[in-house]
Amino acid sequence: MLDVSDLSVSYGTIRAVRGISFTLGKGELVSLLGANGAGKSSTLKCIAGALKASGGSITLGGKDITSASPEQVVRAGLATVPETRDVFPDLTVAENLMLGAYIHRRDQAGNRQNLERLHTLFPRLAERSHQPAGTLSGGEQQMLVIARALMSRPTVLLLDEPSLGLAPAIVERIFEMIETLKKSGLTILLVEQNVNQALAVADRAYVMRLGTVVTSGTPDEIRATSDLSAHYLGG
Amino acid sequence: MAFAIQFVIDVLSLGGAYALMALGLVIIYGILRLVNFAYGELIMVAGYTMFLTSGSGLPWIIMAVLAVVMAIVFGIITDYAAFRPVRAKSVTAVLITSFAFSNLLQNAALLFISPRPRNVPLPEIFSETVSIGGAITPVRNLITIAASIVLLAAVAFLMRKTTLGIAMRAAATNFTMARMLGVPANLIISSAFALSGFLAGVVGILWIGRIGTVVPGVGMEPLLIAFIATVIGGMRSLPGAVVGGFLLALIDTTLNYSLSQDLLKFRDAFTFSLVIVILLWRPEGLIKGPASGQRT
Amino acid sequence: MKHAYLTALILIAVILIIGVGSQLLGIRLYDRIATNLLISLVLVVGLQTFMGNSGLLSFAHIGFMGLGAYTSAVLTIPAQMKGMALPDLYDFMKVVEVSPLVAMLAAGILAAVVAAVVAYPLMRLSDAASVITSFALLVVLYTIMNNWSAFTNGPRTLFGLPKTTDMPIAAIVAAIVVVVALLFKESRTGKLLRASREDEVAAAALGANIPHLRWRAFILAAFIAGIGGALWGHFITSFAPKAFYLKETFLIVTMLVIGGANTVTGAVAGTVLITIAYEGLRSTEGAINATSFGAGQVIGLTEIVLALAMIAVMILKPGGLFPNREIGHIITRARRKKETTA
């Protein structure tokens, strides 16, 4: 579904990502693991079109999106949930969700249907529909950002650190929800620092360090790699 | 009583015009974090369009519509000429190009039309006066009040109820995120410039209607007014810009009635010192805008 | 460091060539143009000391030039002429009459003091807030010049300044200002400021108090602007406040930006280039006006061309002609390269 091959990303002279490759099959949940500064978020931003690749290629469903703008990427069927949990704080929850469906704005019936489905998945959002998004709690904002991404009806979802800074009980719920989404057939790329949780839901995982992929395989294979914790603690 | 009515009408008509001017400037600033120095020239364009069509025998309202359309067109041209090519380079680059573009338009008017004031056609009603509760007031003040109410309501509707408006508000807080939802950057920016041009066009007709003539430098005062009002009102908040416009009108009108002629000459120095003080105290303006945001 | 001397040498040579060249031609018009150019050079290089090192755009520079011009005027207009030139002047000032050199220094100092007082709090602002405040400052200074009739004769033209500025004096002042700008650029303040332009956080980590550094640069720029204003006042001998407003601001900002705001070489190159273009366009305008009887005056053409040039430069070469290296540096590098290849 999503093929990243030999991708490099640079900030000026600093190379954050140095020629990494990985693939996501249809319906697969793949985790991208690694310590802070390993290059995970840069990889994600680059796929989402928010950063320019300095080398390599990205294809989505056979279509080249390497140098696509963020708006082209979402039209191609890939939605992003950034780690900064960017709700539009002054807009209401309903307005946030409506913007999520921006590329389908001519299909109001489809959007309504999609919204109903998401409201059953996230009942809190239905309750708070007319509240400004800035007044929601951290967990609710995370739900909103995920729901908003789903309003674009993506085939691939990028999730960047969805558990960051949230209470354990809420993290639990987020991961439950990620599993529900996976069961519905969505292809998901999950970037996480929370290794155990991420491996518990993933089909496969890649471990990044200093901008390259150092290990990959099934969760069991990854767990068996003895130096895994070293990648996290040693950065 | 008559004085109170007079005062209120003065504040409201001046404030309505100021609010529209400020709104047109802040719409661009809110989304791009960039100041459009060529904003005043959109008002000039509206004025000269009226002058150039005055001999055509068209009904006045058609001329007015044409003037607004030209202001919109030049608003969009500003984007293409001064903003789009350098937007990604640096803030300073855009400030300089918009400053240069402002000079370009002014001097084009100087060269192709005239440095001397040109008459702008105005309907009879602009020069009539009515008496309200004993206060003699020009009808054009009432027209300004009515027009600003209608326009402010229309802008509020656009920004709150339409997808485009909501997308523009979203882009004003977080441009990158809006793009990641599929909102096209260029459409949003062009719409902002078009809306800015529209407001400049309407306010241009009302503003020039006060004096009846247009000169190449006519946009300077509205630009300065818009600066002050947006600084008072918070540089990124649309409602703030409106509040700032009315507040400035209140300050100006009060100074007009209370200062002696000698001190009144220094009014601009007072108001601009006020601007500096406010910016020092709150660099984002008096009324806080949307939480965070970055440029692209 | 060695290339800084070379830069100073080359730029002074340029000033000399302009000066001597204009004399050799022996046409009074060229003498006037050369003097004007050298005065512009003082103003543009002055602006460079602030803009180039801090990276902040300042619109207030011309306001300080005006301050300098009026200060020098009040101090030098002969006592017997003051009654006519400045009828509302305060009595105790009427008797003051100092030499133009002292007046010029006083003009620089007054501009610097006003800048120091006004700008201290402003220097912590960045981006749009800083540009709007500098713009507001220009409007405030202009409004004061336009209305404080006692000192400025209001919006009317002030006349009666002794004509003491000639080409050699302008050349000397320009050469001094170029050296000062280069010294400032290489000073600790200048270096830290330039570091802050690239990366505010890193410079702050080095212990740089950025607003304070900017403040120093702003004072220096205002001082030079004040000197430049006095110099210009004694050249033109009569002027009105509108000489110190947007049109002039646009011109010197154009010169600096096209030449390259980050380097003194850029400031000099921009001034020379724009002055030549400006005079060329002006005489073209004049020629057109002389031939087309009654067809209306051609005005604004010069500004249109300059504005287009400015936009083009910002798009194609946003750093200007000399974006980051001084001429001395460029030459030493080129020579070294030649040596290594040979």
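In order of appearance the chains are A, B and C, and numbering begins at 1 in each one.
Definition applied: a residue touches a chain if its C-beta (ideal position, glycine included) is under 8 Å from a C-beta of that chain, and two chains touch if they have at least 3 such contacts.
All values derive from a computational prediction rather than experimental measurement.
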| item | value |
| --- | --- |
| Shared chain contacts [chain B and chain C, defined touch] | none |
| Chain whose Cα mean lies nearest the overall Cα mean | B |
| Chain whose mean Cα position lies farthest from chain A | C |
| Between chain C and chain B, distance of the C-alpha-averaged centres to the nearest whole Å | 32 |
| Length of the line joining the C-alpha centres of chain A and chain B, rounded to whole Å | 42 |
| Inter-centroid spacing, chain C versus chain A (mean Cα positions, whole Å) | 53 |
| Numbers and ranges of chain B residues touching at least 2 other chains | none |
| Chain A-touching residues of chain B, taken from the complex the two chains share | 163, 166-167, 169-170, 173-174, 176-185, 290-291 |
| Contacting residues of chain C [partner chain B, same complex] | 55-57, 121-122, 125, 127-129, 131-133, 135-137, 139-140, 143-144, 146-147, 246, 250, 253-254, 257, 296-301, 303-304, 306-308, 310-311, 314-315, 318 |
| Contact set on chain A toward chain B in their complex | 48-50, 69-71, 73-75, 79-80, 82, 86, 88-91, 95-96, 98-100, 102-103, 105, 134, 148-149, 152 |
| Residues on chain B engaged by chain C in the complex (per definition of touch) | 29, 33-35, 81-82, 85-86, 89-93, 95-97, 99-101, 103-104, 106-111, 114-115, 216, 220, 224, 227, 231, 235, 265-266, 268-269, 272-273, 275-276, 279-280, 283-284 |
